[in-house]
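The following pair of complexes shares a single chain, chain A, combined with chain B in the former and chain C in the latter.
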Partner chain A sequence: MRSLRNGVLGLFAVVFLLFLSYLVVGSMATEWRFPALFPNGYTFHRWEAVLNRTEWALALFYSFLLSAFVSLTCTSIGLLTASGLSRDPLSTLWLRLCYLPYGLSPVLYAYSMQFFYHTTGMAGTWFGVYLAQFILVYPFAVVLFFNYFDEKMHNLEDIAASLGASRWVRLKTVTLPVLRQPLQTVFAQLFLVSWFDYGITSVIGTGQVKTLTLFVYQYIGESDLYYSALASCLLIAPPLFLWLFHRTFALKPSK
Partner chain B sequence: MQKQKIPWLRWLFLLLGVLPPLAGLIYSFLYSIGGTGALSTGWTARYWIELLEEKGFWAALSWSAAIAISVSLLSSGIAIGLVLGWKNRLDRPNWSAIMSLPLFFPPIVAAFIGYQWLSSSGIIARMAFWAGWIQGPEAFPAIVNSPNQLGLVLTLLIFQVPLFVLVSWYHYKEARVSDFQEQASALGATGLQAIRTIAVPILWNRMKPTMVIYGVFLFGAYEIPLVLGQQYPGMLSVFLHQKFKRYDLFDIPVAYAGTFIYALIVLASTLYFFKTLQKEVQNK
Partner chain C sequence: MSFLTVKEVTKKYNKVNLFDNLSFSLEKDQVLAVLGRSGCGKTTLLKLIAGLISPDSGQILVDNLPILDTPPQQRGVLYLYQEALLFPHLTVAENIAYGLRVRHRPTATIRLQTEEMLENLELTSVDRHFPHQLSGGQRQRVALGRALVVQPRLLLLDEPFGALDPETRTSMQLFFKRIAAQYQITAIFVTHDLKEAVAMGQQWALLENRRWNHYRHLEDFSKDPKTGLQQEIAYWKKIEHQL
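On to the complex of A and B.
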């Protein structure tokens, strides 16, 4: 029984490492068809082509910028909102209202808001996609931060206030330092929601805003295994490396 | 605690968090009854009748519900089983790191991998070929894009279970389940009894909010069903997306009616479940 359990755990590890290596190998395969378990040969020409083509470099750069910006603005505004609303007498109502967009399927949400972007001319622009993603992600931020503004946090802030700290001083010297860890987690989570988004970007971006997820879907549609795998690698690598870096260096105890 | 109102924050929240989905909901409804849209000729109920009479819509709705509920329940059950089996190992940081790997796979990539591994010429089929179990791709059972939805469910499970393991592991520690188990054994319960009557109910109750949230997400899942699911009627998001994109422009109001129904279901189920779950928590 014990070995079986360890086996299942090991299986998960192996499966996910296999998935990752499948993407890397697939992006470098010369030919890989049924029934071959491994490609006929390997080539770097796709990677070279991609790294030399401005279209891809720009997609990577703009996708990253978009997600970083969405996450940054949502984290900060979401934090402020949660901190204010949690002290509001109607706080439960506000939290409930957050669930309204929280559970909606992004693609259907995007369709229901499409009209506003078309009439304002924001559809098909990076700013339009930014705004749509912001509106999708912002409630996540509020919900995630809401839990941290409990009685303990309010008491801490109240003590600082009774000692004469203004709102901004309290935020700077009490709230933000206490929430250092959650801030990082929420930022990372929101970044991923935006970085992985396909529904909003494809509908509001009308295919003109080319983020990496759209590239993956385009190549899947063309059943191009090799380029789909490559685009998937580019999509997974940045967050994965940042996370590994964070685990290795930032999480080590400082003393 | 000092209660205070910060009016501008409240307005900001209403403007950014509540107004957009509400506006979308109202717009969808108006579009579906002919109140707006390029082809609108006046108020009408015919798009609603068309939608409600369409078998595909009901099939999509029931598929979505069935898959959302079964995948949530299954993931949770499997995860609890694994946590109770592995408790000591999950404490090691490397194992919990492996369990968080699926977080880095966007749904679109999960769909791609699911397809490449489970289709009839995929990696699993190739392994079966080399093992001598099948003679060619056509002998491999169709589980991708097939009415049995097996490929879809399997892919969702593979990417869902590890995250559920992390969540139930957190609850396992937070609720001090192992202490309770020890106490039960000290009072004479066998290991299995302690698991069945103590550990499983505690974890199951604590996993309920997670199940509801993921269930609602899965109900509207789009990318994975798009690539791996049955082509028609598919899951709800896919079905409605196809309607939005169809060449027949008279399908668009029908799609908006479907979106409106979908949004209402999501809203009602989240509010209902959170209310009952909140009560349950307060009663304890």
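On to the complex of A and C.
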């Protein structure tokens, strides 16, 4: 069973590395046409051009900032919301309501909210995109955290309360340390949802908010293989870094 | 003079009346063993006193002061579950010191009282262990130490030894008796085990069909057929006779 698991994981790793190599090689190829197995030459000029262009650097910086901010706020507020709702007698109803935003696809949701963003002047702004992503990601955070607030977690918090811990101290000394690993996992998941979002950003951002994901789609739309590959490399880098960080720190066996 | 007074408390759970005008009192330094079947409301009663849930009506007084408006962390009432519920990210010593830390006691006092408690509980050798490295009995002792170190006014024990094997359970009962006498504990000890109730209590109560029967003497407890003690004694006498 263990060897089968390792085999499947190994296969996934190989496929992922092949995919990653394809993107890296594609971004540096001078020319690469079917049926050639490898490009006929390599160049760094695209990378140099991109890294020298402020537009790209800004897109990378702001995309990272947006996703970090969305995931940070949604993780913290989602945790507190799930903690409170899970103790409510109507907790099942609240949980079901949290699934409501997922009845619509993000693009449809963005279109249905477009009027509101235009009239309030938030369309085409980073804050507008943040708010739109927050509205979609926040219930997801609540859903993810809900299951962690089971009877045992409530009892641990109650024990801390009867030992003299106030609500804030309970959160700091019991809830957060006990849920350290889920917190990191949820943060990473929410970061990825925001990072790879295309629908909301393109509709609410009205083309003025340029995230890296939008750049990738733009080059794919223009059928520019080389720049698409390059943009994809940049797009994958932060989540990959996040994943490595998560594997190194979050998935260490707890004491 | 009564230390704990529960006055005409009513509580509904899922539209079912668990208690209807429940009233009783308990004197200081006494251990009240409460017997009752599963679902009769024993745990709810303890949670009401601890402030973890609120009654629909009635009053609860500790030392003649109403406590219903006091948040759980200020009541000085400690609730112990059947499961030890130690904080998994803290060591044995840190678990015991938790209550003192959140009360902002001086560091030197925390260290001294924790060490004393560890010694008393015979847990000094495992003070740096984490909960998952302990046996069931050790975990319960840590839970008890964590509660006792803050010197609670009232200790509420909800079948604390229910999850232990018979041997460990007996040793924990003896241990609790010793500690209860040493720390002059006022406690409510909930159990569904008749033998444990007799062993642990100095007073007894039977919660049955929303009715509270309080016995201040073992003789009264034994005489009431509802408690089942007479049948238990008769059963063992019969076995003894057969042997």
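By our rule, the second predicted complex is superposed on the first by the 230 of 255 C-alpha atoms of A that agree within 3 Å, B and C clash if a C-alpha of one lies under 4 Å from a C-alpha of the other, contacts with A are read in each partner's own complex, and residues count from 1 in each chain.
We take it that a contact is a pair of C-beta atoms (placed from the backbone, for glycine too) under 8 Å apart; a residue touches a chain by one contact, two chains touch by 3 or more.
Fair warning: this is a prediction, and the values are worked out from it, not measured in the lab.
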Chain B versus chain C as contact partner of A:Gly121, first or second or both or neither: neither
Touching partner for A:Gly199 - first (chain B), second (chain C), both, neither: first
Touch count on chain A, higher of chain B and chain C: B
Which of chain B and chain C A:Ser112 touches, first, second, both or neither: first
Chain B versus chain C as contact partner of A:Leu100, first or second or both or neither: first
First, second, both or neither for A:Leu9, with chain B first and chain C second: first
Which of chain B and chain C A:Asp158 touches, first, second, both or neither: both
First (chain B), second (chain C), both or neither touched by A:Pro177: second
Chain B and chain C contact sites that coincide on chain A, given as residue numbers: 155, 158, 161
Contact footprint of chain A on chain C as seen in their complex: 50-52, 71-75, 77-79, 81, 83, 85, 87-89, 98-99, 101-103, 130, 132, 146-147, 150
Contact set on chain A toward chain B in their complex: 5-6, 8-9, 12-13, 15-16, 19-20, 22-23, 26, 33-37, 77, 80-81, 84-85, 87-89, 94, 96-109, 111-113, 115-116, 134-135, 138-139, 142, 151, 154-155, 158, 161, 192, 195-196, 198-199, 213, 216-217, 220, 225, 228-229, 232, 235-236, 239-240, 243, 247
For the chain A and chain C complex, residues of the former touching the latter: 152, 155-156, 158-166, 169, 173-174, 177-178, 180, 254-255
Contact footprint of chain A on chain B as seen in their complex: 1-6, 9-10, 12-13, 16-18, 20-25, 27-28, 31, 36, 82, 85-86, 89, 95, 97-99, 101-109, 111-113, 115-117, 121, 123, 125-127, 129-130, 137, 158, 161-162, 213, 216-217, 219-223, 227, 236-237, 240-241, 244, 255-256, 259, 262-263, 266-267, 269-271, 274
